[in-house]
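To keep things simple, chains are lettered A, B, C and D as they appear, and every chain counts its residues starting from 1.
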Amino acid sequence: MDLSLKYQDVLSDNKKIKTGGRLNRKTDLGNFEKTYKSEITGIIELTPLEKLFQIQIIDQDERERFSFKPGQFLMLEVPGFGEIPLSISSSPSRRGVVELCIRKQGRVTKFLHKMQRGASVGIKGPFGTHFPMEKFANANVLLIAGGLGLAALRSAIYYVEENRNMFKDIFIMYGTNDPNQMLFTYQYETWKKTDGIKLFTIVQNPDKKWSGRVGLITDLFNEIVIDTSNTHAIVCGPPVMFKFVCNKLNDLGIPMENMFVSLERRMHCGMGKCCRCNVGSTYTCLSGPVFDYWTVMNLKEAI
Amino acid sequence: MQYLGVELIKPKAAFFDFSCCEGCQLQIANNENKLLDFISLVEVVNFREILTERNNDYDIAFIEGSITRKDEIDRLKKIREKAKILVAFGTCASFGGINKLKNKFKDIEWVKKEVYGNCPIETNDKVMAVNEVVKVDFYIYGCPVNKSEVEAIVQSIALGREFRYLKHPVCFRCKEKQNICLYEMGKICMGPLTRAGCGARCPSNGNSCIGCRGPAEEPNIEFMKTIMIKNGFTERQIRDKFELFSAFKE
Amino acid sequence: MHNEKDYLTRVEGHGTIDIKVRNGRIKKAEWQVIETPRFFEAMMVDKHFDDVSLIVSRICGICSIAHSTASIRATENAFDVKISGKTELFRRILMNAETLQSHILHLYFLALPDFLGEGSIFPIITKNKNAAEIALRLKKIANDMCDVIGGRNTHPMTMVVGGFTKFPSKESLLILQKDLLNSVPDLIETSKIFMSLKIPDFERETEFVSLKGENNYPWIGGQLMSSDGVLKPESEYKKMTNEFMSDWSTSKLAKLSRDSFAVGSLARINNNFNLLHPKAKEICENFKLKAICYNPFMNNIAQLVECFHAVYETLELFEKVLNMDLSPEDIKIKPKKGKGVGAVEAPRGILYHCNEYNEEGRIVHCDFIIPTGQNHANIREDLNKLVKDYSKKGYSDSEIELLCQMLVRSYDPCISCSVH
Amino acid sequence: MIFKTIDKKDFNKFLEILIENNSFFAPQKIAKDKNNKPIYDLRLVNDFKEIDFNYDILKYPPRRFFLPYREAISSFEIKNSSWQQNINYETKVPRILLGLHPCDINSLNKLDKVLMLGDYPSPYYTIRRKNTFIIGMDCDPKPFCFCRSVGTHTVQHGCDMFLIDIGDRYFIEIFSNVAFDFLKKVTTKDITKKDDDEYKRIRRLKAEKFTAKIDVTDLTKILDMEFQSDVWKEWGDKCLGCGSCARVCPTCYCYGIEEKIDLKFQQAEKLKILHACTLIDFAEVAGGFNFRPERHIRLKYRYYHKHRGFVEAYEESLCVGCGRCGEACLAGITVPEVISSIRE
């Protein structure tokens, strides 16, 4: 008598169920671990600690299918070193190329800073929630960043630039500790030129060359006049910063539901499997990284 | 050599032995499968146990053994001056190791007499770990060191990346191997306090972890002692385990 | 004064050959042992018997299994513990494995470079990759055996007083058995390599001390014998060693019927020639090695012979253990006041551990006598004669210096061990 | 559901055939503890005689058959500044597991929700899960079992067949078509009124035997209220940060990734290693910042994930009440005690 189990080919069954060609990691088993092989096409040194990497997916088909929304992140793989979450810094409308602003910190990032143009890395994604730009239509928008937070905010800036007519007044506020930590300084002029975008920068510890504002980012609120009844805000930066900024905004009359922040936690997968990114017990990678501030207030451990 | 287009470093390495059993050096010769690859990672310029030529130009000095005599102190200081990176290689170098058991005796004259009778012999009163004499840049724990860990560490140097130790205790790995906990078998074990990275070798072979790799990050020593006592072990037995490699501060 | 550059290389531990030159000619070469003492005998006082073998194994990284085995045997003798046949077989396998690993290390890494005029194994790796690979393969199988049975190739932890904490699985033993069988051609190749080398011509009559085998080649326990006809029980080891100190050595020295004696592979073979495995005897014939051989350089060949013996004996032992139930045994030890001696044949010669315990099973006093310690005096005498003989033959100073080094190395001294 | 009964003699024969034709794991005696009490776990069976039906609890959870402690999830071949990724999702399958208790089967159902049924299903898990045939067995509650409190003491789905010992026969609950087809090859009987009564009697008996329990009423809210409670600090002082609890837990699935390069710099391997939230580096990020720097905070998080976060997401807790973590914890930290200390 033969009672042997038959092997069930789960992978091809899964493929058969799919209709149409569009592959998706969210439902397609076979794509789970696949990382899109990409080439570093350009490297721009922003500060001694941060570099901007331009990265292009090599396979044309994969490249065309790749699209993202502002605030989303991807997982960047450097074989042998690790896979790390990074916010996408470039414009969502620019197809095929992503820009990542990367700070030299640990294993993967230090090696990345040594890598040259032409080398290959892998990307998975995009993952996570995004800044709900559509919701901001016909409203004032505050884009507030501290330090490296500008990396995540930059794609939202591109979005408002490119869809200027969708929004009312737009304010960009950016603060760092030192003037030499300022990122993307070469773009400030272009931003300012876009009709009605107001840019404010501020530093805590000015050097001799600095002629701009000095102080904390919250000081900037003394300078702006907005109709808080119709304003949305995005706040990116270290937790201490967005805690202060959001409370200030709330005092000014903006509901917490209209403020959006991006949280950072340790991550190993981006797909809600490794559990390392839990805030309290909510996945940052699935329910975040973009949360409205009301949700954050209700999360234990978030700030 | 290159990795993903990034040029790698090939450091010159020198091995020096002080008072010890030289078992750690032996581990390097012991990883037969990978030995040839390993020695292509570094240029070995000084390795007394298997090499005659000596070259005093080196980047990394691996110091094996603990320091017990005046001339050893001088020799170590000279090495420190030359080396860019000084590595304490093994438990003896990192903590003093087994050799430090000698320090528990207050009367050094009695010690000499116990071993050498009335013959004169030169020794320092105290056995020291390497960092009690010179600055140490990196530690490789283990009695003996774990070969694959040594390889990973040297490879990290070549890649120019920092090596990170596991921070958790041995138990975590022991459970992964699905061992039956030694406490359940009525034996004492240092696993809950000792730094993992050895693959839980001793408990997996049915013998207690003796803590040769020193403490894990933030070990809960205080409560572990309470647990040991609750499991029926005496203060004396507990001290035996804690002092074996002089790696745990009590 | 102890200078770095003085140390003899490619030996385990620190020793120097002090060369006395008069009128531009080598007059005398003196063996000196300058290793720093670690005082193990003192450290052991008050230690519980559970920890004793783990501590003494740290006397030496190369022969840690021999130290553990001797120590455990001493403790078992002190407590009157009987061990099972299975334990006995596995301990023998481990001793064979350690002998193989240590001898291969010595033959290829430490001795061979001398014969080929190289400074280390590294140039041999590039010039004669085949030899290097053979060496690594043979070492690997020996280390694998120690790993699987002892739990680790250095400082084993499965061996405890009364038996083993864990026996290896049948699957892992079968893999080892297969690897071991496959290593025979490598051994034969090794013997060809050594056949092609010129062993220096030198003899000095001396006394050889070892264990006396009864039915098997001796590894663990039994009577103590010398080639001058002394025979003593294990417990009277002190009468075999008569330890003394001298100003040229931090290690203790030994003597018996003469001023010095030799232990090690050559001593074992000289004293137990008939107990060698037939395959090992064949190798003796090839190299014209007959008992009693007085050429210390032939110790290298004696080691090679023992490698053959180790492999063939282990294969036979594997047949036996594979037919046994390998589940762990219950080990219950009752300590008692008393003293016990354990003598084993470490790769470098006979090793004694003597442990004296109190009622709680803690050490009151102990004593370890290391093979190299017993050899030091003999090495010194040999060097003396070697310089005289070869000066007479008209050899140059540098040639004599190299021969002196080779002579010391052929004893495969384990100096840190001798100055424990 | 389809029920049958089978004579033990026939069932044993059935097993013999299964063992012969498949890779088959069943409870075996693996060691004895200091009181000479045997310890059991699943091991590969080559011969029917090796199975020990007297087992009480499986020492380690069957999770490892689906979610191994460590596995290589992909590898890279490095060529100059480029590389090629190789992924192999297939693993040693199919296989049969015998003797899983309800808690263990329910633990797999919970894992299914995260790893197979939600977004981004894991192929590694799914393939193993779909290719493992599970024969569950009823159990006798031990003093540390509190599965009844979390509703995992019975099986609704998640295995192929489930056995209840009713004297000289087994009462079989058949869950899968494969099991149904297999059983066609041996003699089984339809259930009778008598079997029915016996089944109910045994259920009742079992329900009375539970001694350990936790009260889950409004637990999510109570946990939120007690977030800053000093009770956590007290438990944290005891916790050794060893992660043994997560190692023996049938539902823990957190992991870390470690990448390795071979000594020739030609191959890189990506290893997935199950982690534990009580370990010091669980939430540590680049630069050394640690989101959960203290032991009590990490231990607290373990309870928040299991008894609050998971409940919020799936309306059930991530604990099946098997009590293994409490048994494995040298510090004696058990779920019932922690939960009741929070409720007080």
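Points worth noting:
By our rule, contacts are C-beta pairs under 8 Å (C-beta built on N, C-alpha and C of every residue); 3 or more make two chains touch, one makes a residue touch a chain.
Just so we're clear, the structure is a prediction, and the values are computed from it rather than from any experiment.
If chain B is left out, touch-linked groups of the remaining chains read A, D | C. For the pairs B-C and A-B, the count of C-beta pairs in contact is higher at B-C. On a Cα centroid basis, the chain most remote from chain D in this structure is C. Inter-chain spacing, taken between the CA centroids of chain B and chain C, is 25 Å.
Inter-chain centre distance (chain A to chain C, centres taken as mean C-alpha positions): 65 Å. Separating the CA-averaged centres of chain A and chain B is a span of 44 Å. Separation between the centroids of chain C and chain D, computed from CA atoms only, is 51 Å. Chain contacts: chain D has residues 78, 81, 83, 260-261 touching two or more partner chains. Shown for chain C are the residues in touch with two or more other chains, of which there are none.
Multi-chain contact residues of chain B (touching two or more other chains): 3-5, 159.
The touch graph of the protein chains shown belongs to none of the named shapes.
Under the contact rule stated at the top, the pairs of chains that touch are A-B, A-D, B-C, B-D.
In the complex of the two chains, the chain B residues touching chain D come out as 1-5, 8, 34, 37-38, 40-41, 151-152, 155, 159, 167-169, 171-172, 175-176, 178, 180-181, 183-186, 191-193, 216-220, 223-224, 227.
Chain D meets chain B in the complex at residues 30-31, 33-34, 39, 41, 59-60, 64, 69-70, 78, 80-81, 83, 237-244, 247-248, 260-265, 274, 276, 279-281, 295, 328, 330-331. Touching chain A in their complex are the following residues of chain D: 14, 17-18, 21-22, 73-74, 76, 78, 81-83, 85, 87, 89, 93-96, 114-115, 118-124, 126-127, 130-131, 133, 178, 182, 185, 224, 227, 253-257, 259-261, 268, 270, 275, 277, 282-287, 291-292, 301, 304-305, 308-310, 312. Against chain B, in their complex, chain A makes its touches with residues 78-81, 107, 110-111, 114-116, 118-120. Touching chain C in their complex are the following residues of chain B: 17-27, 29-30, 32-33, 35-36, 39, 44, 47-54, 68-69, 71-72, 75, 97-99, 101-102, 105, 110-112, 114-117, 119, 121-123, 127, 143-144, 201-202, 204-207, 210, 237, 240, 244.
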